[in-house]
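Both complexes shown next keep chain A, but they swap its partner, so chain B is in the first and chain C is in the second.
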Partner chain A sequence: MALIEIDNLSVHFDAGDRIVKAVQDVSLQVAARESYGLVGESGSGKSTILRAICGLAPISGGTVRIGGEPLKTPRGKGFSARVQMVFQDPYSSLHPRHTIDRTLSEPLAIHGVGNTDARVVQALRDVALDPTFRFRFPHQLSGGQRQRVAIARALMLQPEILLLDEPTSALDASVQAETLNLLNRLRAERGLTFLMVSHDLAVIDHMCDRVLVMQHGRAVEELARDDLAAARMTTSYARTLFDASADRMLDGA
Partner chain B sequence: MTTLTTWLRDHSPSSRLQARAGQAWLGWLRMRRNPLAMVGLTIVAVLLLMAAFAPWIATHDPIAQDLSQRLLRPMTNGHLMGTDEFGRDIFSRVVYGARVTLYIVTLVAVTAPVFGLLVGTVSGYAGGWVDQVLMRITDIFLAFPKLILALALVAVLGPGIENAVLAIALTSWPPYARVARAETLTVRNSDYIAAVRLQGAGPSRIVWGHIMPMCLPSVIIRVTLDMAGVILTAAGLGFLGLGVQPPMPEWGLMISSGRKFLFEQWWVATMPGLAIFVVSLGFNLLGDGLRDVLDPRSTAK
Partner chain C sequence: MSLLSVKNLRVTFDTEAGRVEAVRGVSFTLGRERLGIVGESGSGKTMTGRSMLRLIRPPGRIEADEMRFDGIDLLRASEREMRALRGPRMAMVMQDPKYSLNPVMKVGRQLTEGLRLRDRLGAGDARKKAIEALQAVQIRDPERVMEAWPHELSGGMGQRVMIAMMLIPNPDLLIADEPTSALDVTVQAEVLKILDDLVKTRGMGLIFISHDLRLVARFCDRVLVMYKGRVVEEVQAGNLMAARHPYTRGLLNCLPRIGGPREPLPSLDRSGTWAEA
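What follows is the complex of A and B.
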């Protein structure tokens, strides 16, 4: 049985005089410990799927099941302990007036987990940040360091599933590779399941076992990693995307 | 001193206290670059000292009457600012009046902004009908002229310093609620609020721990800028005989009693007027300086 099962998910936003159909009838299944990618241009609805899973966007149709259980609204603390998200922009995802310590200990306080000091220091070590960063404010860190803190925060509750919303697109190239390698290492160490959004096939190729290509809120084509590497896509849109990032993928491989 | 500053400037603080103190130190350095803000801070500090050490600074008893010494010019018989119509030393009364002013200002500053902040953040975060109800109540309070509403309240409650404070507080919270709500609307959809919601935090934790810290700077700035208005409203109520009661030395009351002699004995009304002017100016300058220090948009770098 798949860990994440999404059946015919639709997400519609009411924009006053019209209805914006951000996601239409998308189905996908992610097995435990798998890394699944969602790829497409901006506005294709890939981030909206993640936000719908978290309850940050409304589910207008279809079902989402985590470990066989349908999602409840509101999601509740049990959901928080299983599923966490890393946001795209590390400059806006950390509270500007909280120290790193406060940011990391907040989930522990919410869930009544003790031994805060040791856990926070360990969490910083896990994402390869020096414990001396603990009492700094976000504005005293670089973009890559901030994203590490955001990853550490997502892992504080030891979730099984990590939703990654373009976790590296706001970072420059060298830091991007570092962050992706960190994520791969953490996945291997902790047996995490990734559902990752990117507009960059090179990133997806580096990270994911399977990938779903999306366009205009609809699923276009699902590809396994081998198919992607061998350029065995059947739809012309997937091929266009592939051609756009093929040169960098070869560099990586 | 040098060990203290290196401790404050440490880029890798080793405790919550040190991190907080370091940020405060940076704020102080930014503030020190603004000379006008330092003037404001000095005025407010002098006011605090004057209130604290009033018995030692005052040269006479502020309520002791001596009709043989009435309406003396400034600098005669040891009366620095002259005497009023009952022969009371005006300088001593101005010094003791600092206590009353500070008492009113402090009480208003700890009630109205706190209430306004609470109403504004809850309204902004909850949205929907809660927002509608709270904001319409705010609108109703805003629709009345401040002084008239305060007058009506004092008339109902009876004159006196506590009632004056209550009336001022009840009329001055709506702007804070507005400011806090506007600030809340800009942060409520940000990723860091989404992140903490995703961690399972309830609305009270989000409003208290995550939204209020973002609204606090603009509210604090607003409070210091409004302090001048509070002093003037308190003085206005005193002037109309609805605030502090005689013989307590209060600046507004002193101006009121001095107006009968405004043309012949100008100093009776002018001295407390100058005090109100200087202190109001001090709070305004301080508020402007705090804007530079506390505004999150200017400290982002």
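What follows is the complex of A and C.
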């Protein structure tokens, strides 16, 4: 049985005089310990799927099951102990007036987990940050360091599933490499399951076992990693995306 | 004669914590060609671009042995002369449409403002020119975009509006600061094609600032690689794969590739002597 099962998910937003269909009839399954990618241009609905799982966007149709159980509304503590999300922009996803210590210890306090002190220090070590960062504020950190804090925060409750929404697109190439390496190491060490969104096909290819190409809120094509690398896509849109990918550009030059 | 020549450019900020040198001795010349400037955040690439237009506010200071644009000494030009250059002769497309368009002015008014004030065109003519400019950057429904507020545009649309705005006065030099980093790959390819056509058809000089080395290599003729305010290497874009400097190689290697190996990406090794102050 797959750990994440999404059947015919639809997300509609009511925008006054019209209804915006952000996601339409998307189905996908992610096995435990698998890394699954969603790729497409902005507005294709890929981030909305992650937000719908977390309850940040309404589920208008279809079902989402985690470990066989349908999602409850509100999601509740049990959900946040299993599923956590890392957002795109480390500049806006951390509370600007909370120290790193407070950001990291809040989930522990909410869930009544003890031994806060040692856990916060360990969490910083796990993402390769010096424990002296603990009492700093987000504005005293670089973008890459902030994204590490965001990842540490997501891991505080030791979830099984990480939902990653463009975790490196706000970062420099060299910092992106470090962050992707960190995510891969944590996944191997902890047996995490990733559902990752990116517009960069090369990043998705590096990180994921399977990838779903999306366009205009619909699933276009699901590709295994080998098929992607060998350019065995069957739809023209997936091929367009593949051809426009930055690292292909260099080969073509 | 080259369009732009810069010798030993330095940009310094006197802050409370002491002097910060953002650009430290950058020299280059530019003809009617596409020059790429690449580096990480904080490498001084944006500051180099802004210096050309003297758009650095105190406490920042620009110093150089020479900074000439088409025979004009940019270091000695008065503010009035600089104002006459900015726009009609040299223009800059800023990084983020969200922060660089005026949020409380409709797109149409922002586009026609320069035409009306600088070129003293009437409302009708200015509007016509603005719509033509929007069409030139492949915006399909320019009439609607003219009436839109900046927040109603997507990132790609906003970026194209900014490019259109800079191209209306037909400048000789365009400085584009990360013009495509907010865009999806498919839209990115379109915007690059627009810029490329403009360089070819109008004979414009282009400085293309980006952190994406592969993109720059594909698009530009020559690439300057910057690190900590210095140019560490200048390469012909076609020979980028043969670049020798460890920093350039590091930037190239740390990017994932489709079908590449699954091992950890090589991180940038900053232990060499080149990385020291």
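Heads up, the rule we're going with is that the second predicted complex is superposed on the first by the 246 of 253 C-alpha atoms of A that agree within 3 Å, B and C clash if a C-alpha of one lies under 4 Å from a C-alpha of the other, contacts with A are read in each partner's own complex, and residues count from 1 in each chain.
Convention: a contact is a pair of C-beta atoms (placed from the backbone, for glycine too) under 8 Å apart; a residue touches a chain by one contact, two chains touch by 3 or more.
Just so it is clear, the model here is predicted, and its values are computed rather than measured.
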After the chain A overlay, clash or fit between chain B and chain C? fit
Looking at A:I110, would you say it contacts chain B, chain C, both, or neither? Reply first, second, both or neither. first
Regarding the shared-chain residue A:F87, is it in contact with chain B (first), chain C (second), both, or neither? first
Contacts of A:C208 with chain B and chain C, given as first, second, both or neither: neither
Is A:T132 contacted by the first partner chain B, the second partner chain C, both or neither? first
Would you sort A:V220 into first (chain B), second (chain C), both or neither based on which partner it touches? neither
Which partner does A:L71 contact after superposing on A: first (chain B), second (chain C), both, neither? neither
Of the partners chain B and chain C, which touch A:V120 in the superposed model: first, second, both, neither? neither
Minimal inter-chain CA distance - chain C and chain B, angstrom: 11
Applying the document's contact rule, which stretches of chain A touch chain C when the two form their complex? 41-43, 143, 172-178, 180-181, 184-185, 199-203, 205-207, 228-230, 240-242, 244-250, 252-253
Once bound in the complex, which stretches of chain C touch chain A? 40-41, 154-156, 184-189, 211-215, 217-218, 237-238, 240-241, 250-251, 254-260, 262, 264-268
What part of chain B is in contact with chain A in the complex they form? 11-16, 18-19, 23, 190-192, 194-201, 205, 209-210, 213-214, 296, 299-301
Complex contacts: residues of chain A adjacent to chain B: 54-56, 75-77, 79-81, 84-85, 87-89, 92-99, 101-102, 106-107, 110-111, 130, 132-133, 135-137, 139-140, 150, 153, 156-157
